[in-house]
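Reading through the structure tokens given below for one structure.
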Amino acid sequence: METLAFQGLIGLSVAMYLWLLASGLTIVFGVLGVLNFAHGSLFMLGAYFAFTFYGLWGVNFWLAIALSLLSVAVVGYLMERFFLRHIYNQDHAYQLLLTFGFILIFDDAVKMIWGGVAKIPAMPSFFEGTVSVVGRPFPVYNLFIIGAGLFVAVLVWLLFEKTWWGKMVRASASDREMAGAIGINIPTLFTGVFAFGAMLAALGGALGTPVRVVAPGIGAAMIIQAFIITVIGGLGNLKGAFVGALIVGTLSAYGVLLFPVFELFLIFLIMAVVLMIKPQGLFGG
Amino acid sequence: MKTRLAILFLIIFLAVLPAFAGKYLLYVTIHILLLSIFSLGFNLLFGYTGLLSFGQAGFYAVGAYGCAKILLVYPSLLVGILGGVALAGVASLVLGVLCIRHTRIYFSMLTLSFGMMIFSLAWKWRDMTGGDDGLVGIPRAPLEVPGVFKINMAAMESYYYVVLGLSLLAIYLFQRIIRSPLGLTLQGIRDSETRAACVGVSVRKYRLLSFTIAGLYAGLAGALLPPLESTVTPPVAHWSHSAEPVLATLLGGIYTFAGPIVGSVLFYLLKDIIVRFTEYWLICLGVIVVVLVMGFRGGVVSIFLKEGSRR
Amino acid sequence: MKEIIRTESLAKYFGKMAAVHEVTLTLQEGLFTSVIGPNGAGKTTLINLLSGYLLPDRGKILFQGNEITRLGPDRRVRMGISRSFQVMNIFPRMTVFQNILLPVLSRLNKTSSAFSSLLSQKEAVGEAEKILGEVWLKDEKDFPAGELSHGDQRLLELGIAVASNPRLCFLDEPSSGMNPIERIKVLELVKKLAAERKTTFIIVEHDMDIVFSLSDWIVVMNRGEVLAEGRPAEIRANREVREIYLGEEI
């Protein structure tokens, strides 16, 4: 019983990384109509930047996170402004191919700049140690991740529901032409949304640096799960992405415990079932 | 007429290649043929039916592992290859039912996911697939029909001819398919799914058909691998391998018959050249993809066609 | 006169809005019928429901006595219903000839034939050529359909619709987006097809000249419901109809 509860908590912390990755993916799809295959690479870049600022240059942890978000936002800006923007009107296939090309570029670029060896950075001192949960040691950092993930979820919700920018974004998502007609600068807005989505992914990567390995391919490993989450939750649906992340996160934690070799299979199974019952996703419309 | 002569010349060239080419060149040519078959299947789905799959390597792997497992217990080349192809066909039929019901974006995501699911199975299911060590010691079994003939495959040249023969057959069949009513139906679905339905075409059925044929071709390419390399390891199922037919087809030309084949040749040429200068082969590939998508859709073949297929 | 298509309390909602509300309608075979009404009246939604492009929330549709309410568009085509679209819906990368050939092949049940070449399908090829001639596109036979002029694309659209040899054919605003010259050509073609083929046409149209010159029967819709139906003269005299068109000359 305690093992289940403990594993559930681990699943929750995994879910938060997945939520940060999937949220950006689903927002970008919902607003721009683009499925960014390279989204996982942005997660990876977030981890690498944070590792550089915090692990290599000794910058303050919080500042390092902020800087890495900024850096990836710039990368996202460049991607959208100079490449993606020009193929919005075209067959989705070209968007997928283009973002796929970016995966290849980022993967190797990361090897070129940082070398191919995996990095293991240090834990910031105030998060060191463990807390006793149901009699077992649970890393304090994981608690932080859970808290941070929930906090960001609330922030993002507030952003889209209550702020003026959020309202513009939602208007543009539901009717691009109309929004343009009432004076919203669609191209700029889109660039902003893309950069925002990139930052969410980067946050996931950056927050992971003290505990997770920083290596090429970490984004690719998670992007599949991010896809599954968005499929389960419904493409473009933030609430769905959050719920989906919780499902996938806890399932993979339990899966590791109960079906050690086939936990990924289990997640695929869930996705297949959801698709058969409700193809637009649990919250999709 | 000119194209027919060119094709004839090419076939003759390939047929006499072993006379003057070394083992390594034959080896590379075999790989080019495998990628061609792999890419043709991919392009049936993409260029002709409008479905972009990032998971074809999954079926390649089923073909490869299937053939390998068969050859390890029953060393007959024909049985191994046919078995691998059949297994890949079944896998693509089953997964196809799940994938083709969805819009094109979901479809692409799903194929990527299923491809990687097969990869994780190959990687983790030690008992069946050998895990990350893979399957080893696969014999290059003789080509035999019991009681009729038995041809030893130890020499690279012999295996080369088997691969060449099967490739030409596969290419010929492919050509028949795309020029048939079935081929036209698939193109109709690509051009306008709604319109196709409104002229009486059951879109789902034909997409599944296309997906299965693509899976069979991927399986054939995969099944021809184990006798060549004598091992099969999980990377054959990885999405980066699924990327190869995508890139080859992009390079050679998406909406054309010969595109994937030309692209496969280019792919290997490029790889060979780039790898001599830098180990960062992926980034060059990525840049090429970006350039092609941003500006140069028709691929190389379009340069030679009178009406370029630029969108 | 035989009924060709009938609806019973057909309804379709988008959110809380009823695009089509409790429509009970019977249309006769052989009568060229126009569906008219102001924007948002539900005309296109009705056609979409009848052709299988949309599924209704309530009600039934019967074609020649058989219920087809939940059948997909491909099934309906095989039963003898076809349509054209308001927004051009052709096969752009295929040639004009192939655009017509596909529906013919589909009708002859040859679409799964995988190893015979297109040209060897003599029956289909012959028929397709005939239809090409009917829609005045013989010269453009080998052009990619996407490269045709707007007006010619519309002719092709009509060609595709009749190529499946339907008993019932819906045309959704066939002259939409045409300049005056193209418009005349399209209308001439519709007239010709209606006269020469055993097909009952039901069209959605805004242009009143077209409606009144071609139709044997007119259905007027307003706000998702059928306001009136009858022969052109009756409709012209109907006060309610005149009102919704706000004094337009009809």
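Chains: A, B and C, in written order; residue numbering restarts at 1 for each.
Just so it is clear, a residue touches a chain if its C-beta (ideal position, glycine included) is under 8 Å from a C-beta of that chain, and two chains touch if they have at least 3 such contacts.
Predicted model, so just to flag it, every value in this text is computed and none were measured.
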| item | value |
| --- | --- |
| Those chains which touch chain B and also touch chain A | none |
| Closest chain to global C-alpha mean, per-chain Cα centroids | B |
| Approximate Å spacing (C-alpha centroids) for the pair chain A, chain B | 33 |
| Whole-Å gap between the CA centroids of chain B and chain C | 42 |
| Centre-to-centre distance between chain C and chain A (centres being mean Cα positions), rounded to whole Å | 47 |
| Residue numbers on chain A that touch chain B, as the complex places them | 35, 37, 83, 86-87, 90-94, 96-98, 100-109, 111-112, 220, 224, 227-228, 230-231, 235, 261-262, 264-265, 268, 271-272, 275-276, 279 |
| Chain C residues within the chain B interface of the complex | 51, 53, 72-74, 77-78, 82-83, 85, 89-94, 98, 101-103, 105-107, 110-118, 121, 124, 144, 160, 163-164 |
| List of chain B residues in touch with chain A within their complex | 46, 50, 52, 54, 98, 101-102, 104-106, 108-110, 112-114, 116-117, 120-121, 124-125, 239, 243, 246, 250, 280-283, 285-290, 293-294, 297, 311 |
| In the complex, chain B residues that touch chain C | 173, 176-177, 179-185, 187-188, 190-192, 194-203, 206, 209, 255, 307, 309 |
